[in-house]
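What follows is a structure written as structure tokens; I'll ask about it next.
Every chain is named by a letter (A, B and C) in the order it is written, and numbering of its residues begins at 1.
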Amino acid sequence: MKNYIIRRILQMIPVMLGILLILFIILEMAPGTPASNMMNPKATPEQKAELIEKLGLNRPWHERFISWIGEALKGNLGYSITHKKPVTAVMKDYMGATLLLSIVSLAISVLLGVPIGIISATKQYSFADNALTVFSLIGISIPSFFFGLLLLKNFAVDVQLFPLFGLENPLLFNPTFWEKFKDISWHLVLPSIVLGLGSTASFMRYTRSSMLEVIKQDYIRTARAKGLKEKVVIYRHAFRNAAIPIITLLGFQIPALLSGAVITESIFGLPGLGKITIEATLTRNYPLILGINAMLAFLTLLGALVADILYAVADPRIRYD
Amino acid sequence: MEKLLEVKNLKTYFYSERGVVKAADDVSFYVNKGETLGIVGESGCGKSITSMSIARLVETPPGKYVGGEILLNGEDMLKVSDERIRQIRGNDISYIFQEPMTSLNPVFKIGRQISESLMLHRGMSQKEAYKESIKMLELVKIPNPERVVDDYPFALSGGMRQRAMIAMALACEPKLLVADEPTTALDVTIQAQVLDLMNELKEKIDASIMFITHDLGVISEMCDRVMVMYAGKVVEVATTEDIFKNPRHPYTIGLIASKPDMSTKSSRLHVIPGNVPDLNNLPAGCPFSTRCSHVMDKCKTAFPEEVVLDGQHRIACYLYTEGGSKQ
Amino acid sequence: MTNSSIYENKKTGNVRKERSYWGDVVHRLRKNRMAMVSLVVLVIIIGLCVIIPAVSPYSIEGTNMEKQYRDQAPSSTHLLGTDKIGRDLFTRLFYAGRISLGVALAVVALECTIGIVLGSLAGFYGGIIDTIVMRVADVFLSFPFMMICITISSVLGNSIPTLILVLALLSWPSIARIVRGQILTLREMEYMEACEALGISDVKRIFKHLLPNVLAYVIVYATLGMASVILTETSLSFLGLGVSPPTPSWGNMIQEARDIIVIKSKWWYWIPPGISIFVSVMCFNILGDGLRDAIDPKMKR
């Protein structure tokens, strides 16, 4: 098990380097020199040269790539001129909203999607199964931004039940922790429904087909032949096996959720990473773009690693390899 | 002799878009206490479905118990509550299935899978059940039972897994053991060991066995009586000795003739012409009529009534009914 | 005697009729009502997208700033009204469909090509080639998809060809994995060994014997891929990072709904393109599921 984890971590390193390399090359292709995009257009040539020297921008790109990685390992992702802060500090300000939204949505989709998928599978072709199947088809087919706008229209504009915009009510003066918690939760209801819908539907579909596959297996018949209750057969014997592929989906859902978060944030005006990435692309704030992308790629790989470890916990065949 | 199990006119059908499959059609037989009954037939003849019906293990839907009775010590398995049938499964009736590779749950340790029955039916604590599991593994002659009890199924060979399956099935000392092709997937040498083990343990716990196979060699070694099935119907029932010495139904005759015989050096094996008919599309009358070399007109219209010869040799064939050529 | 009884058996119809592999697939697909309805709906949508912009009296990009033509509610002359610069929204809706469906088709075609080529190479040759291809696939799969799209379109500009290229480059790894997996399974089978024994060359083996087997899976993936690419393209266009105005896409048409007045009371701006996306994506998903069940009936029971 320990060896397995170490091996997986070692495999992550070249993948992470590959991602960074491609990102770096893309940003190198950007029109204009990086320096021209980050300084005051009125600066004198001397000032420009000084800045270029200071930022090390006159060195060849591969040298800068290596030194960026060196700095990144020390926790320094560069400096965002627009925000007049280090990139890490900017990311810290905006990451909360994105992570909060993604985690809430992931929790919703696992807690709803998996049990519903199991029910659907155990009652295959029943009315409930058909209804749930149609629901999950709608869930994976409706564009999240359109669904978000529909929710906004119905529950924030026509009926003003939920807030239209943002993560916190700016008028709340000196809120207690409880008031703040309530306020943020209230602001997150619609965004998490929007972001959670697609992945809930994915978990449903995946759980259903995985359970259907497992229920056909011989060992389920063995479990029934022992005289076990149907609940024990389904939730213990069948689900423990069906969970293995579902864990893989969990790994894939993390990047999907982070991508979805960008759209959701944009619709609901949440101050998250999606919002500053779009801003950063407009101001050509390359250090920030690089930093955010690198961090999201890292989170994605981390998610995949966690999924792999859970996978090994669930499946003894892998653990002993 | 006392009858442990008596099946009367069992009808287990499957309903699908393509039609009704009569997997077990009007099947009647009994198993005496301490006896081994063999059920033989080609794949798809309904022998597995018949055996699964005994403890109501056929999935409904698509399956359905259309009629009949399955009496275990006088109690009708088709009528008892779900609660009661679960008490019977694994306790009074146990199963051993064909595929040792897939019949054990891959994510649970062997010990846990054996313990489960013990805790359920004998009310043991986890600790007691664990100790008993080791004893059971010892009983089925698995080397290092203390270690194997904590192994996952994938760590064991096919023969060892089937031994573990037997340990699991016998843990609660069932009255009836249903063995559905338990050795088909195993190597020949291991097959013999497992069969010996089953015979030995059967004596020890005084159980009856329903032994399903398509291998006549195994039948002759294991069984007291044999039932031959074809396309969901019982075509012949007799003692093992009788079946081999004096097979009567044309299908049984063909089946026995197709078994390689070491004593005569014939260069070719006998083959029954044709295939098992499509169960969705059975011919009217006797299902074997399409392959039978003695086929008569009436074979194609109705299935023959059963006749009993020599006291207990049952045959369903017009050759032996009134007016039949062998009557 | 043996011969005659086999003959009889055939005559009584007890032997099932043999159908070709694809014949079987089509037969099973035709029995799936949902999938057939989806197919018909898709054909209608595509047909309308081709025909309506061609026969419409209104031009796609031509504006009409005169007051009586701007921002009109639906009427018999403008079935879905006009936008703020006087363009007929009905015509634009179907022209946008051309763009959105066309982009999706191009992306799927391109990603399948890349995926099949790289996946076959990896699966067939194994060894170092396999390792390299699969590692590169891992890199691409671990990209934070939406962020990268945003980044690239900001760097390279958002023209339609760039968009197609970026989306295809980011999505080939899935298809490469499927193809590789299939080939690894098929390679173990006997007929490939037979080919080897007969001395048939590698290239011929890949193209003549392996690909037809893999094709079924590629078709399923491509159909489901259409659904996901439509979603991605429209999302990006909605964010202003995909297809950019004045060229319409179902995604960028919905941008109008960022205006609170539009969202509140002018449904004809954003509801029709939204429903168009939803219906086409849903139909591709149902059709893809149907194809998968038809190709691999074991999946369905």
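To be clear about the criterion, a contact is a pair of C-beta atoms (placed from the backbone, for glycine too) under 8 Å apart; a residue touches a chain by one contact, two chains touch by 3 or more.
Since the structure is predicted, the reported quantities are computational estimates derived from the model, not experimental observations.
Of the two chain pairs examined here, A-B and A-C, it is A-C that is joined by more C-beta pairs in contact. Using mean Cα coordinates as chain centres, the one most removed from chain C is B.
Rounded to whole angstrom units, the spacing between the C-alpha centres of chain A and chain B is 53.
Chain A and chain C have centres, each the mean of its CA atoms, that are 24 Å apart.
Under the contact definition stated at the top, not a single residue of chain C touches 2 or more other chains. On chain A, the positions that touch chain B within their shared complex are 217-219, 221-229, 237, 240-241, 244, 314-317, 320. Considering their complex, residues 135-136, 138-139, 142-148, 150-156, 227, 231, 234-235, 238-239, 241, 251, 254, 257, 260, 263-264, 270, 274, 277-278, 281-282, 285-286, 299, 301 of chain C touch chain A.
On the side of chain B, the complex with chain A involves touching residues 55, 57, 86-91, 94-95, 97, 99, 102-108, 116-117, 120-121, 152, 154-155, 165, 168. Those residues of chain A that touch chain C in the shared complex are 14-16, 18-19, 22-23, 26-27, 29-31, 124, 137-138, 140-146, 149-150, 152-153, 157-158, 164, 209, 212, 216, 255-256, 258-260, 262-263, 266, 273-274, 277-278, 281-282, 284, 289, 292-293, 296-297, 299-301, 304.
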